[in-house]
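In the two assemblies presented below, chain A is common to both, partnered first by chain B and then by chain C.
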Partner chain A sequence: MSALWLAVVFWLAAWALNVWLAGSRVSKSGPGRALVPLIFGVTVLVLWEGIVRGLGVEGVILPAPSVIAAKIAVEMPTLWQDFVQTILKGAIPGFLIGAGAAFLTAVAIDRSPFLQRGLLPVGNFVAALPIVGLAPILVMWFGFDWQSKAAVVVVMVFFPMLVNIVAGLQASERMQRDLMATWGASYLQTLVKLRLPAAMPFIFNGLKIASTLALIGAIVAEFFGSPVYGMGFRISTEVGRLGLDMVWATIAVAALAGSAFYGLITLIERGVTFWHPSQRH
Partner chain B sequence: MVSQGRPVIEAKGVNLVFQTADGPVQALKDVNLTISQGDFVSFIGPSGCGKTTFLRAIAALEHPTGGTLTVNGMSPDEARRKRAYGYVFQAAGLYPWRTIAGNIRLPLEIMGFSRAEQDERTDRVLELVELKGFGKKFPWQLSGGMQQRASIARALAFDADILLMDEPFGALDEIVRDRLNEELLKLWARTGKTIGFVTHSIPEAVYLSTKIVVMSPRPGRITDVIDSPLPKQRPLDIRDSREFIEIAHRVREGLRAGHHDE
Partner chain C sequence: MNRALPVLSVLAGIIAIWYLAAVWMNSTWVYDQAERAGTTVSFAEMVPQTMNQDRPLLPPPHQVGAELWKGLFGQAVTSKRSLVYHGYVTFKGTMMGFGLGIVFGVLLAMAIVRFRVMDMSVMPWAIISQTVPIVALAPMIITLSSQLGLTDRDVPKAVIAAYLSFFPVLVSMVKGLRAPDQMQLDLLKTYGASEGETFLKLRLPASMPYFFASLKVAVAASLVGTIVGELPTGAIEGLGARMLIGSQFGEPLIMWASLFAAAILAGLLILVVGFVERAARKRMGVPA
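Coming up: the complex of A and B.
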């Protein structure tokens, strides 16, 4: 029980510290701003550890963070192999291909109202297909290895990206387009110098949504057939063997990878759309 | 004293009807006007009388639904493709992702000027509108008046023969406005550009123009065209002269008559 009380005391202390930090001048500086969420994260871990130990929660229900960390350290080579298979070979190529294809399609749609009427409904239809129905089919088509996972990701990423880019290409103001017209700008010049920059906030919105979808798609697709490694494979087999510590270790890797991916996109976004009111500080 | 160059803009019986959800709106009705090379023409009239619409039609941003409108003997569309226009809109319309200098350089990039010439022209027009030293700022870091001056600089950078300005100084304070009016006259005298200029200010119209076009609304039409007898050289204090006051009076009468028609 004492572990539980220790955790609660730590929690209260960290809370008080955070309240003080948020009001003080430390939190205005760059590293200071990172401090508050950091303390918060550590508090969650400590509370978790304390509750699991203090109440003697079964490892199958919820392993303690220290157990998960130990598992990660021991199983590093396996986790790394899974990571390479699922994230580097499945999610990221699928994400890039899907986003790239959506971009080209959006430009084609933009040029032709005919395509706009024809392609958007098809995209809508594909987006409405549930992944559990789609994944087995794509595994049949593209085999057990990463190619089928990338294909699932492509399909999942494509439509949200398409909708965002099409909307983004409409985002420039009439006066900005009129100016281009008075200068006698060509379609391509208007696209590159006006409409694409104006579309960037939308495109990055789409990329952020797509990054989450890519991760989910790559992992879930492995439930429907994969080689004997990969994060989705690991989760489904370890659940079957009640190796919950390994499941949690894999989830931790997935969460880290997802956050890093999302963070990277946000960072690039800040550089590209610095001019947008939402990014100005 | 009317400058009589060759006709640049010729409108004959121009009609323009917008189809809107509440039915057709006649923005221009039977507009006849000839603007010659080197004219400085002001359009004045109450809100909604079609000043902006007429300027946009000249620049091929709107298309007349009746009558003929030619620019240098061509259709406005052709003239636009030949890059005949510098257009200053009612709002600055700068691109927020480009610096002030980058905005001014944009039409030059599009028209294929060399890098060196882009830099040289950008510097020159920045100086002209007194924004030297602000080239590296972004539009949202400048006041509204400074943004508007930047948009004027952008329209001047590529030296189009026809300058169309839609209330370019509306957002500026009196002093800056006076100075820019003077600068604009100097530029006009030096370059011999043809200028179409929309304003709500009677003194501004009289001070700047060789020709003042008075318009009235519903439907938008021309009620009076006044050829100014003022000399081409115009110090600011010409505004106190008798001739100036007489023209201003005639413009005011024209505007009032337009109102009585309603």
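Coming up: the complex of A and C.
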């Protein structure tokens, strides 16, 4: 029981510290801003550990964070193999192909307002559909290995990206386009020098949405058949064997990969769209 | 008419491409059969044979349509083969998750707007929570709830759906509750309004347009969550389970029909939410 009380005391102390930090001048600075959520995260972990230990929760219901961390350390090679299979071979190529195809499609239909008016509502609707349902069909077509996972990701990423890029290409203002015309800029010049840069905030918005979809697609597709490695495969088999520490270890890797992927896109966005109001602090 | 024509022609184009792809993908099977029988088929003979296979690689639209019709109207609504029945199971899960997501999202947004410490500590984690692929958690949530003695399959499904749908509500509500500007807040202060009154009479009404705008995204996310929740679990009811059964028994027609049933359900949900949104905006006097 003492572990539980210790955790509760830690929680209350961290809470008080955070309340003080949020009100003080520390939280105005850069590192201070990161400190508060960090303390919150650590508190959740400590509380989790304390509850599991203090109340004697069984490992098959909820393993303690320390147990999961130990599992991660021991099973590093397996986790790495799963990571390579699902993220590096499934999610990222699919993400690149899907986003690339959406970009080419958007540019291709850019000169036809008729096609745009037709594709936008259809694309918007398809983007809201549960596309994950295509996963079993694509697994049937492309086999069990990473190709089918990449295919699922391509389909999932394509429509949200298309809608965002088409919207982005329309984002430049009439005045700006007229100015380009007075300079005698060709269609291509206007596209490259004005409209694509103006579309970047929309494109990055789409990329951020697509990054989470990519991971979901790659993992779900593995539930329908995969080689004997991969994160989705690991999760579904280990759940069946009640090896929950391994499941949580894989979830931790997935969470880390997802956040890193998202963070990377945000970093690139900051570099590319430095001129946008949302990036100027 | 001006708006319908482009959409219809794009749809017609998609169906045309679909037919071509169906001929191309199903032709392998026809040629294989002919080779085994020791005969050859010409192109003109091959095309009709790709249109009505029992287990086509890609069923052409009319086959999917027929299967969908059979699933929706061909049998009693209570039958286990009826897509209406499975659709209802999925719909129930979606609505539970949607409701849960709204309640959770709104409460969290209220806390975040009220307490600066909540804003600083919880908001970054709410964003991170969405970068975690929820499907990784889905089988986990299901075992966990069965270990805790919840035999009802609706609960884990609703939790997953809520996990996906609370986020758009949260983000919009935070924005909406902060929408009143300083002048309006100051005015209420001069009236001597308490914090609760300011919330009820200014912040809450101001947030409503944001709230309704987020519902469309949230309901779509909730449906995706429910279907994902049905997939990896050996569930036997619901559209996701139907897709899984089609996949395991090698019945592509079942998969395609349930996929389209899910699409129809998504379309209906978005329509209804859009209608509610318009009605609410009208009622509040916001020009639509």
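Criterion: the second predicted complex is superposed on the first by the 261 of 281 C-alpha atoms of A that agree within 3 Å, B and C clash if a C-alpha of one lies under 4 Å from a C-alpha of the other, contacts with A are read in each partner's own complex, and residues count from 1 in each chain.
Throughout what follows, a contact is a pair of C-beta atoms (placed from the backbone, for glycine too) under 8 Å apart; a residue touches a chain by one contact, two chains touch by 3 or more.
Just so it is clear, the structure is predicted and the values come from calculations on it, not from any experiment.
S.K.: First (chain B), second (chain C), both or neither: which does A:P227 touch?
M.R.: Neither partner.
S.K.: After the superposition on A, what does A:D178 contact: first (chain B), second (chain C), both or neither?
M.R.: Touch partner of A:D178: chain B, not chain C.
S.K.: Quick one: is A:G56 in contact with chain B, with chain C, with both, or with neither? Answer first, second, both or neither.
M.R.: Touch partners of A:G56: none, neither chain B nor chain C.
S.K.: Looking at A:V247 after the superposition, I want to know if it touches chain B, chain C, both of them or none. Which is it: first, second, both, neither?
M.R.: Only chain C; A:V247 stays clear of chain B.
S.K.: Please indicate which partner A:W141 is in contact with in the superposed arrangement: first for chain B, second for chain C, both, or neither.
M.R.: Only chain C is touched by A:W141; chain B is not.
S.K.: Counting residues of chain A in contact, which comes out ahead: chain B or chain C?
M.R.: Between chain B and chain C, C touches the greater number of residues in chain A.
S.K.: Between chain B (first) and chain C (second), which, if any, makes contact with A:Q189: first, second, both or neither?
M.R.: first
S.K.: Could you pull out which chain B residues touch chain A in their complex?
M.R.: Touching chain A: residues 56, 59-61, 80-83, 85-87, 89, 91, 93, 95-97, 106-107, 109-111, 138, 140, 158 of chain B.
S.K.: Can you check the complex and tell me which residues of chain A touch chain C?
M.R.: For this pair, the touching residues of chain A are 18-19, 21-23, 27, 33, 36-37, 39-41, 60-62, 114-119, 121-122, 125, 128-130, 132-137, 139-141, 211-212, 215-216, 219-220, 223-224, 231-232, 235-236, 239, 242, 244, 247-248, 250-251, 254-255, 258-259, 261-262.
S.K.: Sort out for me which residues of chain A touch chain B in the complex.
M.R.: So the residues of chain A touching chain B come out as 173, 175-176, 178-185, 189, 193-194, 197, 200, 273-276, 280.
S.K.: Report the residues of chain C in contact with chain A in the complex, numbered from low to high.
M.R.: These residues of chain C touch chain A: 3, 5-11, 14, 25, 57, 116-117, 119-125, 128, 130-137, 139-140, 142-144, 147-148, 216, 220, 223-224, 227-228, 231-232, 239-240, 243-244, 246-247, 250, 252, 255-256, 258-259, 262-263, 266-267, 270.
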